[in-house]
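A quick write-up on the structure given underneath.
Every chain is named by a letter (A, B, C and D) in the order it is written, and numbering of its residues begins at 1.
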Amino acid sequence: MLDATARGVFTIAATPFLPDGGLDLDSVGRMVEFYLARGATGLTLLGVMGEAPKLTQAESLAVIRRAAEAVAGRVPIVAGVSSPGFAAMAELARGAVEAGAAGVMVAPPASLRADAQIFDYYAQVAQVLGDTPFVLQDFPLVTGVTIPVPVLLKIFAEIPSCVMLKHEDWPGLDKIAALRRAEAGGARRISILCGNGGQFLPEELGRGADGAMTGFAFPEMMAGVTAADAAGDPDRARDLFDAYLPLIRYEAQPGLGLAIRKHILALRGAIAHPTLRRPGPALSPDTLAEIATLIDRQQARLDSLGT
Amino acid sequence: MLDATARGVFTIAATPFLPDGGLDLDSVGRMVEFYLARGATGLTLLGVMGEAPKLTQAESLAVIRRAAEAVAGRVPIVAGVSSPGFAAMAELARGAVEAGAAGVMVAPPASLRADAQIFDYYAQVAQVLGDTPFVLQDFPLVTGVTIPVPVLLKIFAEIPSCVMLKHEDWPGLDKIAALRRAEAGGARRISILCGNGGQFLPEELGRGADGAMTGFAFPEMMAGVTAADAAGDPDRARDLFDAYLPLIRYEAQPGLGLAIRKHILALRGAIAHPTLRRPGPALSPDTLAEIATLIDRQQARLDSLGT
Amino acid sequence: MLDATARGVFTIAATPFLPDGGLDLDSVGRMVEFYLARGATGLTLLGVMGEAPKLTQAESLAVIRRAAEAVAGRVPIVAGVSSPGFAAMAELARGAVEAGAAGVMVAPPASLRADAQIFDYYAQVAQVLGDTPFVLQDFPLVTGVTIPVPVLLKIFAEIPSCVMLKHEDWPGLDKIAALRRAEAGGARRISILCGNGGQFLPEELGRGADGAMTGFAFPEMMAGVTAADAAGDPDRARDLFDAYLPLIRYEAQPGLGLAIRKHILALRGAIAHPTLRRPGPALSPDTLAEIATLIDRQQARLDSLGT
Amino acid sequence: MLDATARGVFTIAATPFLPDGGLDLDSVGRMVEFYLARGATGLTLLGVMGEAPKLTQAESLAVIRRAAEAVAGRVPIVAGVSSPGFAAMAELARGAVEAGAAGVMVAPPASLRADAQIFDYYAQVAQVLGDTPFVLQDFPLVTGVTIPVPVLLKIFAEIPSCVMLKHEDWPGLDKIAALRRAEAGGARRISILCGNGGQFLPEELGRGADGAMTGFAFPEMMAGVTAADAAGDPDRARDLFDAYLPLIRYEAQPGLGLAIRKHILALRGAIAHPTLRRPGPALSPDTLAEIATLIDRQQARLDSLGT
C-alpha cells in the first residue's frame, strides 16, 4: 500500500475517450507505458484532470482495473475518490482498492471553513476508508477551502492513514517549508508531492517537497527536474525546467488546460484520441498553432541543453 | 410521462435512513402514503433535500423503484439527475425512467455564467436525455447561476422536452410574472412549480405559478394553500399559510433545515427515523424544544381557523 | 461610549435620498424621531442596508453628523466602517466618532478563512481603532466568512474594545447558546444583538441575545417582542412576532429587501422618498400591491391581538 | 484624453509607502521616471495592484496628482475608479481627471451575472462618467464576472466613451481573436491591452492585442516583447519573453505577487521602500533567496541573448 515514504513523480493520468465519447480502454495500457517510460514512480487516476466527475462509477472502476493490469505492480496507483457523501466515497474506495489501487485521494468539500470543521471532515474520511491509506489534496483555488498549517499538522499527527499531501496551495511555497520545519521539530513526516501543473516545481523541491503529482504532457520534465535536484544540481534542474516553462505555462490555462494536455498526449502517441468528454472545450486553430510553436521552441531549447 | 400541464403539489421527498445510515427502504412506502394522503399530486425524489449526493447510484435507483411501487401510478414521480458529467446523468436518467420516474430534474452546474452558456447547457441536456421530459431547476442561491427570463423563454421555446420550471429564484416573484406575461404574448406555456420551502407560496400563486414543489414537513399546507387559491379565495389561502409560517420559516434555516424536516416527519410517523446520512448536523435540545413550541402554536392557530 | 451592556433595539437606519439620488439630510432628523418613538435604544448607520458603499466618505460623515444632532445623546449611534484597507477604516472611524458615534461596526473581509486569520484581522482592527469600541458583525451569508465559536471567544477575551456581536449567522441559534454557556463558565460577557431582518427574534432572545440590531420597517415589532420577552412573557412575544412575520418574511427578500423597506418607511412618513441610490432595483406594481395586502392583514392581526 | 488608438505598454504603477505605512509621495516621481525610461507608453494608477482599496480618497487623488506632475504630459494616465456605488465613482473620476488623468478604468461588480445586467451596468457607468473615456477591465478570476464576446461588442458599439479593453480573461486568447474578427467584419475597433502579469504576452500580441497593461517589475520586458512583435520578429519576442518567464511566473503568485513586485522595484531603485500597506503579506527569507536566484539567472539569460 501507499505510505509516507513515497517520492518522485506521480503522474496525473488522463482518461482516454473515443471520438464518440465512449471510454477508450485500449489506450489506457499504452498511456501507462508512456508515463512509466518517462519516469513516473506512481500514477494518479480519476482526479479532476482525469475527468472523474464525467464518468459513471462503473467506468471509473474499469479505468482503474485496466490501469492496474498494465502497471502490474511496478508503481503504486492512487485513485481520486472525493465525493459529496461518504457512502459513495466508501463504495468507490473499496472498488478502487479491489481493482488495484494502493491508496486514494480526497479533496475537501467546498462547504468547509473553520479549522475544526476541516479536521473533523478528515477524521470522518479516515473512519470511512478504514485501512486504506489516503492522500489529502490541498487545492484552495478549486475547492475554495484553505487548510492552515496547524490543521494539516493535527491531521498528520492524529490520522495515521493520511500518508501524503498533494500540495497545490497555489503555490504556497512557505507552507511546504513550514511543514518541513515542524517535522524537524518532531512532527510526523509525510510525503509531499506538488501539483499546480508543475509551475513551481524547482521552488517546491527547494522547500522540501518529495516530488510532483501533476499531469503536464511532458512527464519527463518532472522526472528530470526531480532527478537533477536529488542529484544536488538545482541549477541543472532549473535549466531543464526553464526549457519546458513556456509550455507548462500555456498548458496551465484554466478551462483549456486539459484539452491542451490531451491534444499533446495524442500528438505524442500516449493516447489514441484527444477527445474530452462533454461538456468540454474545443481548441481553436490559433491554439493548435501556438502549441506547435511552443513544442518546436521547446525542443530547440532542450537540444541546446544537450538533453 | 410528465408534461407541461402538471400542477398542484409535487412534494420533495426525504430519503429515509436507518439509525446506522443504511437506506430505510421500508419507510419509503409509508412516506409515500403520508404525502399522497396530504394532497401531493406528484413526488420529487433525489433532490438536494433528498440527500441525493450522499447516495450511491445503486441506492438512488432502489429508492426510485420502491417509491414507484408504492405510488403505483397514482401520481407522477420526478427524479433529480443533476450530475457534473453527461455520462452519469444519462445513466441515472435511464435508470430512473426504467424504475418508474415520469420525468427528471436538472439544475445548472455552478460554472455557467453567460446567457449562451446556459442555453447551450440545456440544449445538451435535452440531447442527452432524449425523450425523457425534464424539469429545469432555477435555484441561484445554491447553484450560483442566474438564469435571465429571455434565456428561460428561449429554452422553453426551443427545447420541447423541458416541460416544467422549478422556480426558486429566492424568491424572484417578478420572474414568474414575466414568464406568464410572455406566454400571454404567445410564448409556449410550461408548468411552474415553486420551491424555497414554501416561504412565498401565496405570492407565487398570485403571480401565476401552478403550485409548489417543496418538502415542508406539513405538505397539507401546500395543498391547502394551493386549493384555496384555486378556489378563488386568496384570503383563506393566506390565513392558512400564516398559520404555518412560523414553522416554515424555522424549517428554512440553511444547514439545519433538512434535519428539522426529518425530525418532524419522524414525529408525524411519515418515516421511522429522523436520521440524516453523514455528513449532517444534529439538532440541539434547544432546537427540539423550539420545534415543539412551534408545532403546538401552529396547531392552536389552525384550530382557531376551524381547519 | 458603547459598551458590553448595550441591549434592546438598535435600528439599522436607512439612508434617505432625494428622487434625484442626492442625500436627503432633511429626512434624517424625521427618521431618527420615527425610530426613537418606536422604541429604538440605539441606531446603526451606514451598514449594508444603509447603502454605505454608495456614499462618498464626506456624505457618510454628513449623515452621521445629522443623525447625531437629531439624537442629541438620547441613544448611542453605531457607524459601519468596514473597509478593504485600514487607512480608510481609521479615517472613517475617527470621523464618525467626531461626528457623534458611540462605536463602530466592522464585518470581516471575504478573504478570511482560517481561524488564526480571523483573529489576527480583528486584533489589527482593534489596533487601528484605538479606544473606539466596536461591534463585530458576523454575517456569513453576505461576507462568506464563518467565524467559529472558539474564535469569537478568543476575540472577546483578548480584545476589550470589542463590546458587541452583531449576530446574523443565518440564523446560528446554537451559536448564541454556545456563547452564553461559555460566559456562564467564566468567559467575558459581551452584548449580542441579532440581525437577519428579525426573522428569528423570538428564538434569538430565548437563546440569550440581548436584543435586535436590524431595520425591519416596523421597528415597534422588535421593541414589542423584546419587551414582552424581557417581561417574562415569551408567548406574548411570539403572538406579536407572528403578526408581523408575513411582512418580515416579505421584506427579507434578497435583492429587493431594502427597496421594500424604504417604500414602507416612506409610506409611514419616516422618510420623504423611497429612493434607492443607483444601482438599485425598482418595485413592480405587483410588489407594491402585495405590500399593501400584507400591511392590511398585519394591522387586522394586530388589532385582534389588542395591540 | 485617452482614445481607442492607444497601444504599447501601460504600466500598472505601484503605490509607494513609507515603512510606517504612510504614503511615500516622494517615490512617485522616481517611479514614474523608472517606468518611462523602460518604455511605458502610459501609466495606470490605483488598480488592485496599486493597493487602491487601502487608500483614502484624498490619498488616491494625491497619488494621481503627483504622478501627473511627474509625467508632465509625456504619456496618458489611467486611474482605476471601480466603486460599489456610482456616487463615489463619479467623485473619484472627476477628481482624477482634474488631477491629470486622461481616462479611468472600471471593473464590473461581482454581483453581475446575466448578459443584460452587464451591459446595463456599463451603460450606467458611461452616464455617470460623462465625457471621460474609460477602460473596461475584464478580469473574471478576480471579479467573478464573465463577459461574453457579444456583450463586449454591444458595449463597444453603443458606448463611445468605452475606448479600451483591459483584457485578462485568464487568459482568454480566443476572446481577443474573436473581437478582432468582429472588427474585421465592421465592428468598432477599440484598444486591447492585456494584463495577467504579462504571462501570455506573446500569444496575446499574436491574437491582435495592442500591447500590455500590467505591472511586472521589469517593464522593459513588456516594451521589448511588444517592440519585437511590432517589428515583425515574433521569434525574437518569444526569446526575450522566455528569458523573463521564470520571474514572470514567480511574480504571478496569488497573494504574494504584489509583495514580490514591490521588493524588486525597491531593489531596482524605482521606489524607496518595498512596504505594502496592511493588511499585506511579508516575504520569507526563502522567498527573498528565490527571487535573487531568479534575477541572477534572468540576467545571465538576457546576456546570452545579447540584449
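By definition in this document, a contact is a pair of C-beta atoms (placed from the backbone, for glycine too) under 8 Å apart; a residue touches a chain by one contact, two chains touch by 3 or more.
Composition by chain, UniProt nomenclature: A, B, C, D = Dihydrodipicolinate synthase family protein.
Everything numeric in this text was worked out from a predicted model, so none of it was measured.
The set of chains in contact with chain C as well as chain D comprises A, B. Chain pairs A-D and B-D differ in how many C-beta pairs they share in contact, with the greater number at A-D. Think of chain B turning onto chain C: fitted on CA atoms, that turn is 180 degrees, to the nearest 5.
Counting the residue numbers that touch the partner chain, chain A and chain B have more than half of them in common. Here the CA centre of chain A is 33 Å from the CA centre of chain D.
Computed centre separation for the pair chain A/chain B is 38 angstrom, with centres defined by C-alpha atoms. Centre-to-centre, using mean CA coordinates, chain B is 47 Å away from chain D.
Of all residues in chain A, none touches 2 or more other chains. In the complex of the two chains, the chain D residues touching chain A come out as 141, 170-171, 173-174, 177, 199-200, 203, 206-207, 238, 241-242, 245-246, 249-250, 253-254, 284, 286-287, 290, 293, 297, 301. Across the complex, chain B meets chain A through its residues 21, 51, 53-57, 59, 83-88, 91, 121, 124, 277-279.
Residues 113-117, 145-148, 150-151 of chain B are the ones that touch chain D when the two sit in their complex.
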